[in-house]
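Chain naming follows the written order as A, B, C and D, and within any one chain the residues start at number 1.
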């Protein structure tokens, strides 16, 4: 793919996060939102861009009931981005067969649907990341590396979110799992006011501390992350990838430049 | 070297930092402080451990004027650690010739003395790190990697120190240089009260921020860093190394374990 | 005014901040947005609530050219809130004469217009606060109190904002002025990515530090602050007030409860 | 007492904290450490200043078994500072009778001993503060005031300490109690490495957060706090005081200066 060409994107999901992602895709200079598939009938046939008050025609909205093999042939894209629900993975098998790359940000896959997603990776490049923001994945990966270099350090994970968020954050749990610390003793959760989202990994040594802290400003970060993921995915051979694997490649490149 | 053997260390420098480093070396289970060389005559022939109120005999103190080729033959160590002054490098050429590893933490080398240090690396493994604390070097290296992965992010460096510290911190300048940002616009310095030392690298994206923050609790961190450096140095072939290069090897190992 | 009655509000200004403030006023259970006055003709005669996609009728929009003495008689409110421009103060003299309270959040008054605002305070209660958010004023007032209790502490002010914000923040300058420290040496400004706004006042003592930190999540904070200001203003006799004076009254009440 | 005169201090307790406090008292220009009383016989008759390597003669050391009514007559001081143990309060009743002020920093009083301390306040000014550092008390008092001004804000308390510290910090519990929040749900405790001590009170509103954060650098803060407390105590009539009450007086003074 020549660099000058925009990445053509098809989006599943047009809820609160999906709509924000669509907005980012429309505005980004290096991507074109070709279509959006949503659960509800409403606004089918209209452009997502117009619904969002923009003066362009991008992101034709389709009802999920209209999606079939023919749809993907008639509306080809480079990457399908999925911010919808677990079972949607069943819908785009034929697109994967013809090589369309898949980026899924579904956080609550059923076991079967996740298996299905993995199956698609035999035919195309699939990126799966339940939290697609670059910053959170950088937090995860740098923490992982630091953990390996100073395994003797105590690890504490702190997450802060708005007061209504019910459970311990999934991202904090994922970090705990990757760093091999017990979430029950290592994760502190603070709920207060309207905090968008903050995650901190603290490494405590006897004479110094190192903290890596990610703060979300708003959910547009998911759109940017999806776009970066899509761009990287275009360069990958078929296979199943996670965001931290793709970032790890960049980490290695960066390390190579060290003299 | 079998793992069960302690690393034998010879230390140049017994000022405020040197003494703290000596203290850490004496207390660490995997190192033995064989001797200490200091500028002044005082306490020569006594043990550094006794001077520090410890109940062991480690770190026989020698006057710098007594150091010659014979000294190194009669008092062999695995690693020479140098927390003294620029010109000291001239003293341990013969030790380097016989393969003793060198770890130098001198921050203000003259051009000639630094060239001399590099020359020693043709005969043995030499580690040079003007700030030897592990945390600061982890801050530097993770920042460097993040910078390469998200070059579009704005970079700001914040350093806080006690009110008497005169200039912008050398570590902040070094980070700015490595990240290729202009210190004049990117480094903010705060001087207040008795803050031991804090460095923060902030990456700002439109919808999220990532901060990596190092806080010093006390200068014993230098001793721990020197010890870690000495341990790593034992595994290195002859050559000239920096702390971030040695850490980069650990980073790569950590990345390899990612699945 | 019996407590059960809502505060009736008239708003000048319907730009980015004004519209956000209107939104908060409409949604708050204890206030009623009676009207909005804007510079442009557009949407005059419509409800601000409808423009914002709400299912209520609040905030009839009027063109500024239609505002005169009769308007205030026919559309009485308890408090006029001004988020528009310097010269608007000339428009609501007759409202002040009849006792309507005034809350102004104009940050760049001309000398004459500010004098005019002060003149209105002979007839009614006037609250002037260029940054009306409660949090920022709490930061200011707690810092001021701490400064008086530990005058020996070093003071540093740190402000972080999005990369496009050109100058040092007005709030930081105001804090510096109130704390009697030189902004040139005491205020550090960081510009990076999309940071909404953060202000920190650091007090450094030899053996401890105290930091008071305010972080804005979004500009709805101005609406909440204006509402709190309006509520407090309802209890004030005529006169000229600042937000920190009104907060200081609450501070004193709080201190009285200490045993 | 003319301002030019130094405050004469008698200190009970010469353990780790007591010795640090003594050190601060000796070095401070406006106080004179007259004597130190310790539990053990060792070094009785020597000067605390000499034990600490200083070139002055301050703080004659006495054994606790030698303390009686005559001792206080023969070795008069302005303020007795108590960093020892619960039952020590029984020893200085006669000193209180003759008007010597008492500052107690005992954290674990038995019910009876605390009652005894309160009884002394009928004869002299008594200051009781289990955490005497100024910063911690400023944190407590500013938090209390903010809590009263924005009672609708969510409150979270975060405390970080070195990994060996067993329980939730007493200071965090005290803050929770004063702010009337449930420690079980409001206090998060982090234990990692060698963190000296950090307490943060977070107020979360829908659109902004306010954080007040205290960080201990080392325990000399107790000495400074005791000295400030002693100075304030010199101006107080007889009665029982807490540190936050004395600070509250300064808060009110500061508020009075607001125009």
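Convention: a residue touches a chain if its C-beta (ideal position, glycine included) is under 8 Å from a C-beta of that chain, and two chains touch if they have at least 3 such contacts.
Predicted, not measured: the structure shown is a model, and the values here were computed from it.
Novice: What's the rotation angle, in degrees and to the nearest 5, for a C-alpha fit of chain B onto chain C?
Specialist: Superposing the C-alpha atoms of chain B on chain C needs a rotation of 180 degrees.
Novice: Farthest chain from chain A, comparing Cα centres?
Specialist: Relative to chain A, the chain with the farthest C-alpha centre is D.
Novice: Same or different: do the copies chain B and chain D touch each other through matching residue numbers, with over half of them shared?
Specialist: The interface is built from the same residue numbers on each side, given that over half of them are used by both copies.
Novice: Hey, how far is the Cα centre of chain A from the one of chain D, in Å?
Specialist: It comes to 52 Å between the two C-alpha centres.
Novice: Using mean C-alpha positions as chain centres, tell me how far chain C is from chain D in Å, no decimals.
Specialist: Each chain's C-alpha centroid was found; their separation is 39 Å.
Novice: Which positions in chain A are in touch with at least two other chains?
Specialist: Those would be 193-195, 203, 205-209, 217-218.
Novice: Should the pattern of chain-chain touching be classed as line, ring, star, complete or other?
Specialist: If you draw each chain as a dot and join those that touch, every dot ends up joined to every other.
Novice: Touching residues of chain B toward chain A in the complex: what are they?
Specialist: 133-136, 138-139, 142, 144-150, 203, 205-221, 224, 244-245, 247-248, 250-255, 257-258
Novice: State the interface residues of chain A toward chain C in the complex, per the touch definition above.
Specialist: My answer: residues 193-196, 217-218.
Novice: Using the touch definition from the top, list the residues of chain D that touch chain A in their complex.
Specialist: Per the touch definition, chain D meets chain A at residues 153-156, 158, 160, 162-163, 188-195, 202-209.
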